[in-house]
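Here come two complexes built around chain A, the first alongside chain B, the second alongside chain C.
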Partner chain A sequence: MKRYFSNPSFLIGSIILFMMLALLVISFFHTPYDVTAMDLANKLAKPSQEHFLGTDQFGRDILSRVMKGIEVSLLIGFMAVSSGLLFGLLIGSFSGYFGGRLDEIIMKIIDTLMAFPGVLLAMMLIAVFGNGLLNTIIALSVMAVPRFARITRSGYMELRDSDFVKAERIRGAGSLRIMFSHILPNIVSELSATASLSFASAIMSEAGLSYLGLGMQPPSPSLGIMLSEAQDYMLRAPWYVLIPTITIALLVIAFNLIGDGLQEMNGGVK
Partner chain B sequence: MDSLLKLDGVSKEYKSAYGRVRALCESSLEIERGEILGLVGESGSGKSSMANIIVRLISPDKGKIVFNGVEISSLSARAFRKFRREIQMVFQDPYSSINPKKSIGYLLKECLKIHEKGMSDEEMERKVSESLDEVGLDSSYAKRYPASLSGGQRQRVAIALALIIRPKLIVLDEPVSALDVSVEAQILNLLLDLRKKHGLTYLFISHDLNVVSYIADRIAVMYLGSIVELGKTEDILGAMAHPYTKALFAASSDISATLSGEIPSPMNPPSGCPFHTRCIYAKDRCRVEKPSLSLLSSGHFVSCHYPLRGGEKNENSCGI
Partner chain C sequence: MKKILVFLLAVLTLTSCAKNEDSSSTESLGRNNEGVSLIRLTMPSEPDSLDPYISTASDTEAVMHNVYEGLVLFDENGSIIPGLAESWEISDDGLEYTFHLRDDVTFHSGEHMDSADVAYSFEIISGLSTGEPISSRFSTITAIETPDEYTVILNLSEPNAAFLEGTRVGIIPEGYTDSATAPIGTGPYEFVEYTPGQRIVLEKNDEYYDESRMGSIDRAEIYIMSDESAIVTALQSGQLDMAQVTGSDAEVLNRNFTIHSNPQNMVCLFALNNAIEPFNDIRVRMALNYAINKDNIIYGAFDGYATRLDSNFSPVMASYYNSDVENFYPYDPEKAIELLKEAGYTDGFSFTITVPSNYQQHVNTAQIIAEDLKAVGIKAGIQLVEWGTWLEDVYSNGNYETTIIGLTGKLDPYEILVRFVSDFRRNFFHYNNGEYDKLIKEAMVETDENKRAELYKECQMILTEDAACVWTCDPNLVIAMRSDLKGYKSYPLAFTDLSALYYEE
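Now for the complex of A and B:
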């Protein structure tokens, strides 16, 4: 554990993430104001003692909404990355371990998925299935699957002919045991780096989709929605647009730094 | 003689991007129960292919493998499963042959889980520490991970892993060549002790002739996918009949010093005797006709048209 925190990228990323998580945990128990409580007399107020980060065009407290917005971002990011990881891992491990025709077909499909710009793919899925929390998560996890599948596959291809896997075969271990009990622990570090980087892109894509009106819907306090609403008041209330922007940036930077740090420690060149 | 494993006319070719590579060419070999058979040869001679075929990591293109009276080469993967525990292998490099993410105890226990269904947890714990004890490690090693072990300790673990399910045959693929010389002797003696204790049979593959002469009861010499000489260790050391064996032993450490030329490409093996391109005694007949492994004296086989006698060339050995 000490080794991890001696890596500057990982350390800084973790500190930022820790602060974000602290805000998230506080928001479970207490937000300064109700996130949907309007106060039209007090709209677009400057940051003050009452409203620490000011209010929006309906007089809602921006700090409270950002706190809930972090929750939405992290929830969607977590769900999207974990389901993307699960499916990517399953696809990549079978494809990489067994190889052959199945592998060829699967990889062609994955390549096709990767050829689409991620957000475009998500937009198509949302256009077909409608928007909302669940569909946003599904769209984002479909975006994450190819990356995990590729990383997993290359790890399995590399290790399936290694001496310790051969030794396991000679000992009589079955394919599933070799795949998940022996090969998988050896690629966990690469997968965790990828997961962290995917987390960052999932948060960004969610904000992007919500900004375009395709992800979460108002009055949900998504950072993307806040951003799209705030842009009309950019000159009158610059803090309103800056705060969600900085929050998204910090979240993305935190996960990217952690991912980079993990990759550096795995000996990857990045 | 009671043979434990018999290879009969086993051939194996690999397809590569550049063509076919002939790894084994109609090789036949018998390993007797309880013996240590040393298999020597240069790299590329097919030793490792033979090992991999015996433990069924690869399947031969042609030929039969008979283990303990049962033909195992024609068995399905499922039917072969019960023979898995009878034939085990120790790899050359103990740094790559043990999963670095698993504790030694986990790996040993796993062998028991696979092969001794229904064994109780305490029984497994007991067996694990027993098998560590057998290879000269105490039971605290069960909790350790490969990264904290030295090369010699790792190879001891690899031997324990092969031994815990009580196989009859252990294929040792260059088990000491990755180790320090000081550790080498310890591991060799450990292997000898274990054979005596459990009545094991070893196929000991090596390119180090000193090691093989020390440990093996019989020696088989391989060249380009064929066995060129086979006999008791003292017979071979006393009277090498194949020119290749002689060159190999003369140059224990540096083969190229006494053999002219490179080992021919297994993609394009020479006609006739595979060794004729480098043999100083080669005659016209060697270039066209491939010699077969034939009996020279009791238990001593050689595949050469003009075998050496008493270390000297005998011009009349073939009645010409």
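Now for the complex of A and C:
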């Protein structure tokens, strides 16, 4: 563990993430105000003692909304990355381990998916199936699958003919056993770095989709929604725009730094 | 950090240089290098066509109405005034319109205007020469006669009290076919150039026939700009003299600019699908009207720059507006709860508000409404949809529960109120009231202007009594102008009247 924290990228990323997680945990039990409660007499109030980060165009407390917004971002990011990882891992491992015709077909499909810019793909899915929390998560996980599938596949292709796998095979181990208890541990570090980077891009994409009105729906406090609402008040209440922007940036930077750190420690090229 | 700042500065300098190329003068009296007085303003979207018979966009009309004029014009109250025709008579059966033209009008090309030009124009407008009228309202024209040089008679197949208002469509010279690229009209400003994606340039028509409407500023440059923050920046740096801004930006600009805020004859409403449960119950619709605080919407979503509405009609159309509807349903959540109980919804109900995502003000309105309804036990979820989806699902197919939208203004009350007639194609409210239908039909053929106004006032009252929708407000058109620019006139239709503007020396 000490090895990890001696890496500056990983350390800084973890500190930021830890702070965000602390806010997240607090938001489960307590937010200073109700996130949808309006107080129009107090609209666009400057940061003050009552409203630590000011209020928005309806007089809603920005701090409370950001706290819940982080919750939304992390929840969606986590669900999207974990289901993306699960499916990517399954697809990539079978494809990489067995190779052949199956591999060709799967990889053609993955290539097709990758040919679309991720957000465009998510937008297409949402346009067809409608928006909302669940569909946003599904769209973002579909977006994440190809990346995991490719990395898993290349790991499996590299290792399937290595000596320790051959030895296991001679000892009579089954394919599934070789795949998941012998090869998988060797690519976990690579996958975790990718997961962290995917987490960052999932958060960005969620904010982007919500900004466009395709992800979460108002009045739920997504950082993307806050940003799209705040931009009309850029001149009058600059802090209102800055707060969700900085929060999104911090979240993304945190996961990117952690991902970079993991890659460096794995002897990656980075 | 320093590097970033330097980079940002460089970008800012570059972009401002790029803009300055076109409009290098920012001198105090709005003159350019040649000493010509100049006004620089904005239009929010690319013109759809410069040809008056093809264009349908109101942004385009707002500009091109300075170039083209019709037989009739309209004033600031939306009343019809003489234009190219100095007078007109309508036969008793409402089928024959006789226009007496002015004899002192010349086109921008220098040609003299007479009845042949009007006949040529109306042959295109009515579709008699092309086969297809430019709009269905002109399809009833059956013949155009020109008994002498300055008289034109239009014959209709059926009476239509709204027809006269339609004759404000622009007149072009006989035989002219290049309106789309080189518009020629008779207005106080003539067309100079159009650079797609950038700007339209107009110049004052020194030969204009009416002294009182003669322009004062020599040259107008209309920039196509829609980005709100870019417009504010351009105003503040002196690259624009006048622009339409949001209420929120007006709150910032009002220190250095003159702000004009006027109702624009738009009807914003929280539309209910009257055909489905629970909105088919009048008690529920009334409860919604009592439960929603319209002042909060005006303040919260429009920054106070809006005029409250209680029926499907803006007070800006003064001669037809029924003021009795005002505050018909005051904000009263207690009463709303009572009505809901009466209707059998003791525990409230839940439904979806479908909102087009490109209109932030409607999205904001939806959030305020949802919060107000929460207080009376109704759960309203918000569903943002793209504009195209909204047009198809809500506007065309009427397949929705509730929505929030602004209905654009028309100069004739018929066209505003016809939206609620049961067999109107775009009656997406599914509102159905036989008495209302009857009154609208009566008003359509009523030629007595006072009786007609009374009928329309009655119609507004019926809509309010039936609580067909929750009308919220008419968002004001907010214009920011440099403080030495005077004479601004607002109209109940999209029209930027350049001829009225002048610089205070």
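What we mean here is this: the second predicted complex is superposed on the first by the 270 of 270 C-alpha atoms of A that agree within 3 Å, B and C clash if a C-alpha of one lies under 4 Å from a C-alpha of the other, contacts with A are read in each partner's own complex, and residues count from 1 in each chain.
The working rule: a contact is a pair of C-beta atoms (placed from the backbone, for glycine too) under 8 Å apart; a residue touches a chain by one contact, two chains touch by 3 or more.
Predicted, not measured: the structure shown is a model, and the values here were computed from it.
**Student:** Under the superposition described at the top, does placing chain B and chain C together on chain A give a clash or a fit?
**Tutor:** These partners fit in the superposed model.
**Student:** So, A:185: does it touch chain B (first), chain C (second), both, or neither?
**Tutor:** Touch status of A:185: first partner only.
**Student:** Looking at A:233, would you say it contacts chain B, chain C, both, or neither? Reply first, second, both or neither.
**Tutor:** second
**Student:** Thinking of the overlay built on chain A, is A:167 touched by chain B (first), by chain C (second), by both, or by neither?
**Tutor:** So A:167 only meets chain B here.
**Student:** Specify the partner with more touching residues on chain A, choosing between chain B and chain C.
**Tutor:** When the residues of chain A touched by each partner are counted, C comes out ahead.
**Student:** With the two structures laid over each other on chain A, which partner does A:3 touch: chain B (first), chain C (second), both, or neither?
**Tutor:** So A:3 meets neither chain B nor chain C here.
**Student:** Minimum CA distance, chain B versus chain C, superposed model, integer angstrom?
**Tutor:** It comes out at 44 Å between the closest C-alpha atoms.
**Student:** Considering only the contact definition stated at the top, list the common interface residues of chain A for chain B and chain C.
**Tutor:** No residue sits in both footprints.
**Student:** Where on chain B does chain A make contact in their complex?
**Tutor:** By the definition above, chain B touches chain A via 55, 57, 81, 84-85, 87-89, 91, 93, 96-102, 110-111, 114-115, 158, 161, 165.
**Student:** If you look only at chain C, which of its residues touch chain A in the complex?
**Tutor:** 228-229, 232, 246, 248-249, 251-252, 296, 299-301, 357-358, 360, 363-364, 366-368, 370-371, 374, 381-386
**Student:** Could you please specify the touching residues of chain A with respect to chain C in the complex?
**Tutor:** Against chain C, the touching part of chain A is residues 36-38, 40, 43, 57-58, 127, 131, 212-214, 217-219, 228-229, 231-236.
**Student:** Sort out for me which residues of chain A touch chain B in the complex.
**Tutor:** 162-164, 166-173, 177, 181-182, 185-186
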